[in-house]
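Look at the two complexes coming up: subunit A is in both, with subunit B in one and subunit C in the other.
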Partner chain A sequence: MNSLRTEGCTLTGALSVTMAVTDGITIIHGPDGCVHHTTSLLHALQVNHDHSFFPAILSSSLTESEIIFGGEDALAATIRNAAVRNPGIICVLSSCVSAAIGDDVQAVCASSAVPDIIVIPTGGFLGGGFSDGVKQALLALSALGRKDQGPDGTVTLIGEKNLEYEADAHHREISRLLALLGARVSLRFVRNISSEDLGSIGSGSLNILRDSSLKSLGETFRHRFGTPCITSFPVGFHDTLRFLEQAGEGLGIDPRPAVNMERKNQERLIDSFHGLKGASVSFQPLPPSTHLLAEELAERFDFRTSPRGFPAVIPDPPPVGTSGLARLLHRWRRMRLV
Partner chain B sequence: MFGAVSCLAGIEDMGVIIHGSSGCYYYPATVLHRDLHCTFLIEQDIIFGAAERLKTLIGELQGRYTRIAVVNTCTPAIIGEDITELPGCEDVLVIDSPGFLGTYEDGYRLACEALPATIDPGCRGVNLDGISLLDPFAQGNVIEAKRILAMLGVPVASVLASCRLGELGHAASCTISTNPDLASPWGSPAGNLLGIDHTLETVSGISELLNVDYPDALQREAATAVNRITQAADRFLRRFDPPSAAVFGEFSYAEYACRVLEKYLDATVTVLGSRNRAGDTTFKTASATSLDSVRELLARDPPDLVIGSSFEKRLCPETPFVPFTYPLRGAIRLLDRPLIGLQGELGLMEAILNACMDHAVGDRARSASR
Partner chain C sequence: MKQIALYGKGGIGKSTTSANISAALSDMGLDILQIGCDPKRDSTRMLMQGRLIPTVMDQVRERGDRSIALQDVVFTGYGGVRCVEAGGPEPGVGCAGRGIIATFQILERLGALKGDVIVYDVLGDVVCGGFAMPMREGYAQEIYLVTSGELMSLYAANNICKAIKRLSGRSRGICRLAGVIGNGKNLEAEEDLISLFADRIGSSLIQFVPRSPVVQRAELNKKTVIEYDPGSSQAAVYRQLAAKIMENTRLDIPEPMEMEDLESLAYEFITN
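Presenting the complex of A and B:
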């Protein structure tokens, strides 16, 4: 089936971004059900991730009457309610309902006396799927980027998957790798940052995209701010070393010492899992994004594939960097013993 | 939409299709733990028509279920494509309950009214209603109701909505409720089982209606239950002050919890936060349908005890908490606890007393160690 049909709503995707602006309020211009569904899903994930943070999400509460007579007044009233709380930013997301009845969300926000409103034209499923919502939100929030700042030698992470269980573990790994180069992440666009921080989107010397689905966004930011980008977090041993080379190149740093250090680190790691060498493995159904990694691991560990081998699962999205691989190999070693 | 799906998905051999996008599908599919189906609409279906896609899915599912139900969602409802008379789908139930039309309870009732139930005048039994897959007490309530009715020697005919379609075809002429907020239109209302008092009253009414002996064993069990709760509550009140409590949930459930708190603990109810339209009550009641409203209610009059969902728990992490209504995240729940009947009242008071006592004793231990 067309993945767009099954990947979920643009609202959830956009919310996964906007809720990560710590002083922001998000308005969903739609029926209450849209807010209930998404809040409940986000709450479940937050509990699962041991977070107690509640995103500020308001509904314009469209009912049958607004479906008939238009919902623009309801949106304007909700914006005024949001403004009373003095948020750093107000993001307005359109739903399939407001898109279907033809409310002019942009005009309502433009004519509002409330400043700092960012319109994200999600349109519910009429605007695509979850990943489109993520991209729309990142793009809309990037409009706040200040153009008066030159590159400051730091790195900006773009589009971390905020609903991903391992999001912070991936951030730690990227930070560790960059530290080998003597570089650091100064902005996570957008993960737990204030509305003021959003303005720094153009000030890094290198953007690192979470994955290649955001490539077009990386290009947009390159044109707008002149920031080069790496199109994905690294996956696999070889890709991690290549990532260091690319990051060094982007930051104007000689990557060779960092690459040598990381290569030794990887050799030590592979050695510590020598018990897996030559093992008989049954790769569980692999999503396309993990095929290259499966091939690399099979080669590095001389795996023999067999239906009777231990069941090796590679998650989607795949593990990031050398540390991600270490955690994967721990799980595989345990599976082998089981 | 969600309320309608919760009702229909409780009918075991009913195939439920959500006619909408994946975003509308995932929430009920995740929460209700039932095999649901979806037309997974995208923009082009809205432009060129989605009925054919729905018809194809119905065709694929028809052999797998006794009956198919389609629940319409917002955007297909707005564009107004007629899905009620698809050729070859005459037997399909179509519930037009897009989200913007009302609340969870509205959707549930709409679907319940559309169920193919038939009152069988020859049926010697009663129906149960108010059962919803979303309710953390649903399965426990069915078990407790059947236990109590078995003491009366009265079988359960149809459970709305947790039975097979065949059972709906032989519904009894009277219905007792486990949750008056989700009352069905099937059978004459014959009382509810929310609490020991109402249970005894309802059982008494049923015994007269069906001309069966009132079960003395139930009366004795009820007296013992009340006695046990009273003793435990007395013991608590000898050491601690009555708690002030904020109670959140569907109105009937929450009102029942307030009555229990007042009855056994002389507790003060700071607010009855109702998730749906509130009915008549002497307790201070407010709408609690958004996080903001809940936050404000809790801040306005901070309670000693919170009864509600994990939303309320997260907003008051330091306050004793009793899990009571959906969602209940961050805790494992395996037992089918009832809220109704004798066991329901025992269970609710047990949870309340344990929550209050753990906290009060913990407070004293912390003070002593300082």
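Presenting the complex of A and C:
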């Protein structure tokens, strides 16, 4: 059976979030193979992104003996081992094996006398996938949030895709757009932040979700902290302007000056790629998330679609904001010249 | 070497029956190994004069599976019967089924699975793959169902038929249903009901063991009936059962009954 990118292992999804707490330790309660498999994947992606950050991950190293007699003692020992390193937070992720034999992870953590410990149920066989793991980890870590209002014009980004190559470029673009409104990103929940920062999840004036798959999480945070939210990063020219309007509305800021500035920016960008106008294009098989963007670009640049046209690839997930489109158009121009 | 496994509902008398079969077979001069496949570890107690022997899983827990020797897990009881208890985790933790699988691997490695007859006494019902282990991988070829005439006991026996049928269909599946052993609970027309049930699933009633106070007396004296009162009619029944098992060549792939049919069968006997 084929597996979509957003499916796969719940454990890996949760780990992609917890490893981004810079002073945290993640314990995977399972056999060493679960740790090896997931961290190898994350490590390979980090290296591919020219990062050399090695997250602190421990395994409870379940073997056949623990499967038969229960793995709770092994988990308790691993928690003690983690605690002596004085991490800001310990995240405990269950695995298929520990879930199947019925280890009571919550009870072991509760009796461990370690104060900052978060349990995230991630037994993959229970039916969840990678994105469910991401959501569960974000939800679990939000339990540390305080309901205190920060300064006006502060924004929290929720659920950035930590394994995405362009995650930081997307962050820069959102920050640029917010700056047009006089606002700023005050918290990246969760990307390269400390355990102390996790408590600020309820402090922003507005939450911006990475994509609409996190909508339920946005609703939960709205209910819990009273924070309004935008359900995804903007994709395409029109959506970027709409994003500014939504952000202005959410922050109580008149968005019109920012929208006008960005519209001019987009017009300049389109002019600078006038050489692409009227080009013959063959859109490569498009994932559903990119259909609207392809239509918009075809209209803006008067593309003629033809099977013999230059192969125009739109990545999935699609580029964010006007800057993302600029990178995409540069790539297309290079390909066309080649 | 003959390998038999006794399956049935919890509390139906599998261990009592197994121990008495082993004792009777040893009296016939045969070399017997009885393996209790139940975490509650009391299969071989009557063969060991009431002693609860250390289990394979106890040894694994204390010293790890690599340093276990044959004498740590195999104990000699009545008539030279070699007794093994698989054991398992404390109730409510871990995976007892995996413990059974590990036990078989250890016993195989130690060369313990030998003799004229191996008797596997298996926990109440086939609760997971681990408890089907005696039926798999070429261990017990002959499965005996132990049941009374009570509906739930028949229901459990019928469920085990489903496992036998499934496993017998596999390429390495050699297990077959060898017969039904009726263990009486003093119900009316009980032997007839069990016999009819056996027919319906495509097998036969090997032996009906009537309820007898001598069984309780023997257990209070920490002995099998064969040892405690060899001259009793109950001991004769067990000896007869052991002899029939040795002679039995009928091996069937059972056809489990539908639940409604099973209920109708039981109801018919209750109302008549």
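To be clear about the criterion, the second predicted complex is superposed on the first by the 325 of 338 C-alpha atoms of A that agree within 3 Å, B and C clash if a C-alpha of one lies under 4 Å from a C-alpha of the other, contacts with A are read in each partner's own complex, and residues count from 1 in each chain.
We adopt the following convention: a residue touches a chain if its C-beta (ideal position, glycine included) is under 8 Å from a C-beta of that chain, and two chains touch if they have at least 3 such contacts.
Computed from a predicted structure; not experimentally measured.
In the superposition on chain A, contact of A:Ala110 is made with neither subunit B nor subunit C.
In the overlay built on the shared chain, the residue A:Phe125 is in contact with subunit B alone; subunit C does not reach it.
Of the two partner chains placed by the overlay, only subunit B lies in contact with A:Leu62; subunit C stays clear of it. When both complexes are overlaid on chain A, the residue A:Leu11 reaches subunit B alone and has no touch with subunit C.
In the superposed pair of complexes, A:Phe54 makes contact with subunit B only, with no contact to subunit C. When the shared chain is aligned, subunit B and subunit C each come close enough to touch A:Ala100.
Between subunit B and subunit C, B contacts the larger number of subunit A residues.
In the superposed model, A:His43 lies in contact with subunit B only, and not with subunit C. With both structures placed on the common chain, the touch criterion links A:Met261 to neither subunit B nor subunit C. When the two structures are aligned on the shared chain, A:Met335 is found in touch with neither subunit B nor subunit C.
Residue overlap on subunit A between the subunit B contacts of one complex and the subunit C contacts of the other covers 64, 66-67, 100-101. Residues 64-72, 100-103 of subunit A are the ones touching subunit C in the complex. On the subunit A side of its complex with subunit B, the touching residues are 1-2, 4-12, 30-37, 39-41, 43-44, 47-48, 52, 54, 57-59, 62-64, 66-67, 95-97, 100-101, 124-130. Residues 57, 60-61, 64-65, 88-90, 93-96, 98-99, 102 of subunit C are the ones that touch subunit A when the two sit in their complex. For subunit B in complex with subunit A, the residues that touch the partner chain are 1-2, 20-24, 26-27, 30-31, 40-43, 46, 74-75, 78-79, 98-102, 289-292, 310-311, 314-315, 317, 327, 329-330.
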